[in-house]
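Next up: some structures, all given as structure tokens.
Here come two complexes built around subunit A, the first alongside subunit B, the second alongside subunit C.
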Partner chain A sequence: MENAERIRLIVSDVLEVDAGKIHAESHQADIAEWDSLAQLRIVTALEQEFGVKPTMREIAELTSIPAITRYLEASFAQ
Partner chain B sequence: MMKIGTGFRRFFVPHSLVTLYYLFRYRAFVSPRAEVEISFLLTIGHGSTVSSYAKIKASEGPVRIGARTDIGVGCFIGGYTTGIEIGNDCLISPNVSIVGVNYRYDRMDMTFREQGPESKGPLIIGNNVWIGAGSVVLDNAEIGDGVIIAPNSVVSGRVPANAILQGNPAKTVFIRR
Partner chain C sequence: MNTRLGFNPSGPVAEEFAALRAQLLDTDMTSLGSAGYRALNRQLKALKDGPPLRVAYLGNVTLNLLPPFIAAHCAREGWLAQSHIGNFGQHFQELRSPEFSAFAPDIVLLVLSLRLLRPNAMANFTSLSAPVRQALRDDVLGEIESWVNQALSATRATLLVANFPLPAVPALGIADSAHAYGELEFHMELNLELARRLRAYSRVQILDVNRIASRLGYAQAFDERMFHISKMDWTEALMASIGQEVARHVIGAKGTARKCLVLDIDNTLWGGVVGEDGPAGIRVGHGDAESEAFLAFQQRIRSLKDRGILLALCSKNNPADVEEAFRLRDEMPLRLEDFSARSINWEPKHQGLAAIAADLNIGIDALVFIDDNPAEIALIRQMLPMVECVLLPADPASFVATLDGLTSFEKSAVLADDIHKARQYQEEAERSRFSSRHDSMDEYLTQLQMEVSMGPVDAGSLQRVHQMFAKTNQFNVTTKRYTLGELEAMLHSPEHHLGMAALRDRFGDLGIIASFILVEDGTGLHIDSLLMSCRALGRGVETAIMNFIKQQFNQQEHLAVLTAEFVPTAKNKPAANYFTEHGFRPAANGAGQFYALHKNDVDIQPCDWIKTKGESLWKMQKEYG
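Now for the complex of A and B:
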């Protein structure tokens, strides 16, 4: 499964939102359930799934599926 | 039963005098609309504020509030013999209750009132703690530095530094780093 698809499923699972409502371009602002605390739960799930450990500053930037995808790709490239 | 001295202070000392007392003694601003007694058991650090309709009870035990800490509108801080300690630079949002006491409930043949209050130990809140509106912090809780508590959470026990908590009972959602 592609990373973008895995991220989409993680986000929908954490937010308890139908996976069909979250697409490759989804942003925090588009999804009511994606509040600041849900953001932290998403990050925890990403840490468990991908073994990454973003800083607080990076976490503040991970507010969309594309941003998360870019962050993970950059992490894997290092 | 309320002691005579406590009753006298509550009924006859005007709130404006309380405001001036804490302003000159501790350089802390206590709103004239807050219910705070002049008591040697209560210390408030310099630069701290206590907003309107907040109530701080320090008649049974020490309540220490650090420097630059804000106590929001409608908060209740009720200390008992074991005391309450709140650190520096804390943000206590509106309607937070910090309750350093419980009623005993081990006897079935007595009412809770008859069994009386007890405290398992001091209630300690570290430095730079942000407590969301409507939250409740219970007796003997120990909250580490840098903790964030989401609104309407109920907190007891030991909370590690930099944790972010949510819920009833409050659970750690994340540890800041």
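Now for the complex of A and C:
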């Protein structure tokens, strides 16, 4: 599965939001369930799923599907 | 499963919960992971009903991420957890909030971060003098104890107070221990003193966060990023372990521990097969590594017996081989007499387990079964899903850890009664052999030389009485499962009279075997609850108890009528005719089975095979009034 698709499914699973409502361009601001605590749960889920460990600054920026995709691709490239 | 208040244990909704629970009993919860916990919590949310458990979370850290982990582990132990999260840092105010009292928690969790509780002192710890550090310790302890006292009066819940993780690296490095009252000493003494002070309160338990985090490793347990972002540094791995620890405390607080550990024999209690290797060839004891591991396992099993858990054997062997092995290998810590019931034969094991439960007069759902053979475990899971099954790992070195991983034998305290439990069941076996030697029941009862002492429940007996309220199914007229907090409140209420009965006979002391609650209302006295342990059944003790209640009723001139209720359950048939057999008349009104006895109709029934001693239940009032 493509990374963007995996991310979309993880985010929908954590937020308990129908996967159809989250698309490749979704942003925290568009989704009511994506509050600051949900943000931490998403980060923990990504850490377990992809074996990454973002810094506090990076965590603060992981607020959209594109941002998460960019972060993960940059991590894998290293 | 025990019948619980506010939940109908039969019907489709209950079946849904029971099915999920049976699935969880077979799940290795330690391997769930983030996605596994999410999936499980979605399933729990979809359930409409289950035995409720209300957990309130108070403290000065962000506790919002914790409830799903606690809900998952509590579901495995038979509870559908609901949560109430107090406002950040308002653990005192919360106790007086209407939301908190409306929630009526069963469990209140208090988690405090020292860094947030005393930020200046903790940030400058290395520059504080020893006396200032000691004052800081006393200040923190005082604040917690004051919270505990306020919480005890605000709620009937069991309180779980988290202790403090030690610093993984003290600020002074290895020099820390060279200074009086260093950082480590401070934290260790804080935890130690907290445990000592809170021990005095029966409804308060330490949630040993430090031990759970150490077991996991501090590096895996805490995440400094999360502390700075959200004021909570527990990782999901720690929250999962804490979830299980809370579930252990819930079992202890509710008194729902399973009662008996049933063990296979070959390759479980010792290495090898006694029928083939012979008593001298089985591996247990000192010598080689494998024998040592089986020895350690037997020692751990033995300590369960001291916790009040009954032991039993269920194996496919020739009984004579097993007896010979126990006789010849006397270096084994377990003796054949340690097992209160045995089923050693070639029948399928689900029949053996059923026979053991019947022998011990306990429910099949009170059994845990351990075997090294996956086929036997699979059979029991299929035939008897209410039994908790444990498949031993390949390496006997891990057997002790496997046993320690079991949650279902948790008790909040080991009572004097627990330590003697196995002996009491043995004495029971002697009694039944004794009874078969007597021709008439009357003669048998007389020869038993029973003595029953009845009187008010005192604070020291409250835990045992609570244990009986949680566990007694058969001779229990209303099966009300009062919590320790509720019983404690009744002890101080002038309308409630809590009574208990202790029994001894020629074979030994059976301890406290019955308890009852009488509630005064004007000229009426109502038997709210009356229950008797199954080990006292069939001896006429219930008549001695009713005589005592009648005498107490007679002595109070203002009382005119004694009333009672019988609430039928799947298990309490032995008590169904209790009131009519003791002179009560069915009361016409009401949908349930109500009974009444007027003062003029009271008669004391003959029960001369029992010597009785009674102490008035009204004594306390006379002292104060």
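Quick note on the criterion: the second predicted complex is superposed on the first by the 78 of 78 C-alpha atoms of A that agree within 3 Å, B and C clash if a C-alpha of one lies under 4 Å from a C-alpha of the other, contacts with A are read in each partner's own complex, and residues count from 1 in each chain.
Just so we're on the same page, contacts are C-beta pairs under 8 Å (C-beta built on N, C-alpha and C of every residue); 3 or more make two chains touch, one makes a residue touch a chain.
What you are looking at is a predicted structure, and each value in this text was computed from that prediction instead of being measured.
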item: Partner chain(s) touched by A:Leu37 [first = subunit B, second = subunit C, both, neither]; value: both
item: More subunit A residues in contact [subunit B versus subunit C]; value: C
item: First (subunit B), second (subunit C), both or neither touched by A:Val52; value: neither
item: Which superposed partner A:Ala4 touches (first subunit B, second subunit C, both, neither); value: neither
item: Partner chain(s) touched by A:Val14 [first = subunit B, second = subunit C, both, neither]; value: second
item: Footprint overlap on subunit A, where subunit B in one structure and subunit C in the other make contact; value: 37, 40-41, 44, 55-56
item: Residue numbers on subunit C that touch subunit A, as the complex places them; value: 33-35, 38, 42, 62, 64-65, 225-226, 228-230, 236
item: In the complex with subunit C, residue positions of subunit A that touch it; value: 13-14, 16, 36-37, 40-41, 44-45, 48-49, 55-56, 59
item: Touch list for subunit B against partner subunit A, complex; value: 150, 164, 166, 173-174, 176-177
item: Residues on subunit A engaged by subunit B in the complex (per definition of touch); value: 37, 40-41, 43-44, 53, 55-56
